Amino acid sequence: MGTAVIVGAGAGLSASLARKLHARGHTIVLAARDTSDLASLAAETNATLVTCNARNPDDMARVFDAVDAIGEPLDVAIYNPSARVRGGITELDPDAVENAILVTAYGAFLMAQQAARRMLEAGSGAMLFTGASAGVKGFANSSTFAMGKFALRGLCQSLARELHPQGIHIGHFVIDGGISKTPEANTGAAQLDPDAIADTYMHFLDQPRSSWAWEIELRPWVERF
Amino acid sequence: MGTAVIVGAGAGLSASLARKLHARGHTIVLAARDTSDLASLAAETNATLVTCNARNPDDMARVFDAVDAIGEPLDVAIYNPSARVRGGITELDPDAVENAILVTAYGAFLMAQQAARRMLEAGSGAMLFTGASAGVKGFANSSTFAMGKFALRGLCQSLARELHPQGIHIGHFVIDGGISKTPEANTGAAQLDPDAIADTYMHFLDQPRSSWAWEIELRPWVERF
Amino acid sequence: MGTAVIVGAGAGLSASLARKLHARGHTIVLAARDTSDLASLAAETNATLVTCNARNPDDMARVFDAVDAIGEPLDVAIYNPSARVRGGITELDPDAVENAILVTAYGAFLMAQQAARRMLEAGSGAMLFTGASAGVKGFANSSTFAMGKFALRGLCQSLARELHPQGIHIGHFVIDGGISKTPEANTGAAQLDPDAIADTYMHFLDQPRSSWAWEIELRPWVERF
Amino acid sequence: MGTAVIVGAGAGLSASLARKLHARGHTIVLAARDTSDLASLAAETNATLVTCNARNPDDMARVFDAVDAIGEPLDVAIYNPSARVRGGITELDPDAVENAILVTAYGAFLMAQQAARRMLEAGSGAMLFTGASAGVKGFANSSTFAMGKFALRGLCQSLARELHPQGIHIGHFVIDGGISKTPEANTGAAQLDPDAIADTYMHFLDQPRSSWAWEIELRPWVERF
C-alpha cells in the first residue's frame, strides 16, 4: 500500500474517504485551502496536512512534494474542490466566474498532471474526480457551474482514453444530490450518505484492469433526474 | 435473502453471477432458451432451471411461476439475452432483425414487468440489465444491434426514473469489449473477466438507497472507446 | 428532381413536408396505415397514395413498388410513424408494447433498407426520421416510447456512420414538444409549428456533403428540457 | 435589421458569416485579437473592427461599446475563438492550459453576458457559439481542448435553458472536421466548406421561436465519428 492524496479535503465526502483509505493501509495526504478544521481528521487518519488553493500550480506542486516526502508510491489521487456562482447570466461577477472555472476544472488538471508523472513511472494508480449533475446537464441560472463541471468531465474522459492503456485508472463520479452531514439529518435517505459514496469509490479502486469503469453516477433513490 | 432470477443464463457472465448470488444465500432461478448445458451450474448453485425464449410472454411468465413456487421474496432479476445481426443495411434479413430487437429489448421489458409486479409489492428489489457499447454508440454495419441495445438503455433509464422512487433499484451495465472464456484466455486482461463484471454487479446490489447508480460502463483498460 | 416518399403521412408534420417537397419539384409518394383522410393532400401535391402498416415488410415493399413505378431516382425518404403506450410498467399490455416498438423503430429499419437499396445505386439521397425527446431521455411511465424512440435513434446513428461515406445523408430529428394543428391554436408559439419543422427538414436537404448534420433537436422556445 | 457582432473574426468561418450577415442587411462588428489581416473583409462588409483578447473582460466590454456606438439593436452575437494545446498530460504547460480554457470558454461567457444585457432589453436576439467534436468527446492527448470545449457546451446548454424562454436563441455548433481554406483545397468535400457552415448558421437565425434548435453537429460526409 502506498500513498493516497485527497485534494479538497474540506468537502463532506473527504472524511469518509480518508477513513476508508487509512483503514486499507494507505498513507494519507490531505490538501485543502483551509486546513484549520482538519486537525482531528488528520490525527485520526495519521495524515499529512497541506494548505493548497487547488487552482494555484505552486500550491499543487507543494501537495505532491509532501507526497514525495513520504517516499512511497502514489496509489490514489482524489479531486473534490469545486466553486459555483449562481445567478442569471447578466448578474454574474466575471472574476468570480473565472475563479469558479479554475477551481473546478483547472485545479483538477493540475492534480492530474502531478499525479500522472508519479503514477506513470510506477505503471499503476488511480485518480478519482468528484463531479456533479451539472457536468452532464447545464441548468438555467447555473452557467458557471456548468462550465466548470462540464470541463471537469471533458478532462476525465480525455484522461481515461489517454491513461487507461498506460495502467492508470480514471474515475469521474457524477454526484447528483445533496450530501448529508450526519446520518440523523438524512431521514428517508433523501441525501447522499458520504460513507456510501466512499464505498463506491473504494469499489472503483478494487476493479481489476480487465473491467474498468470510468464514470459512475450516484443519486438518492428519490432524486428526480 | 430471497430469490434471484437470471434470464439468459447461457451467457458467459451468468455463471459468475449465479455463483456469487448463491454464495450470498440467494435461491437461484436460471432461465435460458437452451438449458441443456446448464445442468452442472444448476447443480453447483442449487438452482431451478427454466427453458425460456425471452421474447415470448408465456415463456417469461413461466420463469416467474418458478420464482413464485419457491415462495420467497424476489430480490434480484438479471437480464442478459441479446441477439445481433451484422451487416450492411441492404443485406439484413428483416425477420432476423425483428427477432434481434425483440430478444434484446422486448424480452427485457417482459422480465421487468414480471419482476416489478413482485418487487413493488415488497417495496424493494433490484433489476440489472446487461447492455453493450452498441447501446450508447451506433456503429456502422451494426444497425440491428444498435436498435436493440439503444432500446434496452431507454427502457432502463425510464424504469430508473419510474421505479427508484418506489424502492426498486435499476441498473444498466454497458459492457464494452469481449468477455473472456477463461482466465488463461485473457492474457494482458484485454478482455473483460466475468468474475470482475459480476463483482461490480454485486457492488451495485450493495449500494444503499441514499446513493444509487443506474448505469455503469465497464471495459478492459486497453479497449479503445 | 426525383421522388420523395413520406411514410406515416397521417402525421401532423407530413402535410407541410409534402407541400414543400412538391413545391421543390419532387414527385410525392404518401404512405399511411389509413389513407382515407389523405385524398385532398394527395390531390394538392399530385401524390401517389399507398396504404401501409409500417411494421409490415410486405406493406413497406409495396410502398417502394410505387416509388419504382414512377421511374425516377429516389431522392428523399421520410419516416414519421410512431406508437406509444403510456403507463406504469406493471400496467402495460405486452402486445401493445411489442407493436409500439415495431412501428416506431422496426418500420424505420424496413424503410431504410428499401430506400438504401435505391439510393446506394444512385450514390445519393437523404433519409429523415422523426424522433422525439423520448429518444434521448427515458421518462417515467413511458418505457414503451423510450424503447421505440431510443431504438430509432440507434438505427439513425448507425446508418449515419454507415451511409454518409457512401453519399446518403441520414437525419434524426428530435422533436421535443407538441405539434400545433393550426397557427391559431398556437398562441405564444408554445407548440412546434409544422411548417417551421418542415423548413428545417428542407434546410437539412440543402446541406452540401461537406457539412452534413445528422441530428437536430427542435423545441418551442418556452419548452422545458 | 440590427447589428451582428462576430468575436474571433480571424477564424476561417468568420469571413463567410460576415458576408452573409452583411448581405442580409446587418451592421457588422468584427472583433479579433489581431485585426491586421481583417482590413479588406471589414471594407467589403462595411464592418467596424475592434481588437479584443476574448478572455479579457475589458476588451470584451470595448467590443460592445462599439456595438452600442452604432445605435441599433443587437440581433446576433457569434463566438468563434478557441485555443488548444496538444500533448500528453505530463507534458502540458500549465499557463498555456489555463489560457486555452479561458479563451475557449470564459471568453464565451464574457460575450454572452454583454450580449444578454442588450438582447434581454429588446426581448430578442441570437447567440451562436462555434464548438468542436472535442466538446462532446474527450480524446486522448487532448485534455486541454476537451476542458475548453466541454465547458463551452455546458455554458451554451445552460444558456439555452435560461434564455430561450426569454426570447434569446442560443446555438451551439459542433464542428467535426477541418474547415477548408478554399474550394480548390477541398477536393472530395473531405473538409467543411465555411460557406456551407455559415448557411446552417443563417438557417438557425431564420428558425421561428416555435421550433428552435440549440445544438447542431456538422461534419464532412466522409469524416469518421
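Letters A, B, C and D mark the chains in the order given here, with residues in each chain numbered from 1 onward.
One rule holds in what follows: a residue touches a chain if its C-beta (ideal position, glycine included) is under 8 Å from a C-beta of that chain, and two chains touch if they have at least 3 such contacts.
Here the structure is a predicted model, which is why all the values come from computation and not from measurement.
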Counting one step per pair of touching chains, how far is chain D from chain B at the shortest?
2
Farthest chain (mean CA position) relative to chain B:
D
Intercentroid distance (Cα basis), chain B paired with chain A, Å:
31
Quick one: chain A and chain C, Cα centre-to-centre, how many Å?
45
In chain B, the residues touching two or more other chains are 161
Chain contact topology under the given definition, line, ring, star, complete or other?
ring
Kindly provide every pair of chains that touch.
A-B, A-D, B-C, C-D
Quick check: in the complex, which residue numbers of chain A touch chain D?
57, 88-90, 92, 94, 97-98, 101-102, 105-106, 109-110, 112-113, 116-117, 120, 134-135, 137-144, 146-163
Which stretch or stretches of chain D touch chain C in the complex?
161, 164-165, 167, 169, 180, 186, 189-193, 196-197, 199-200, 203, 206-225
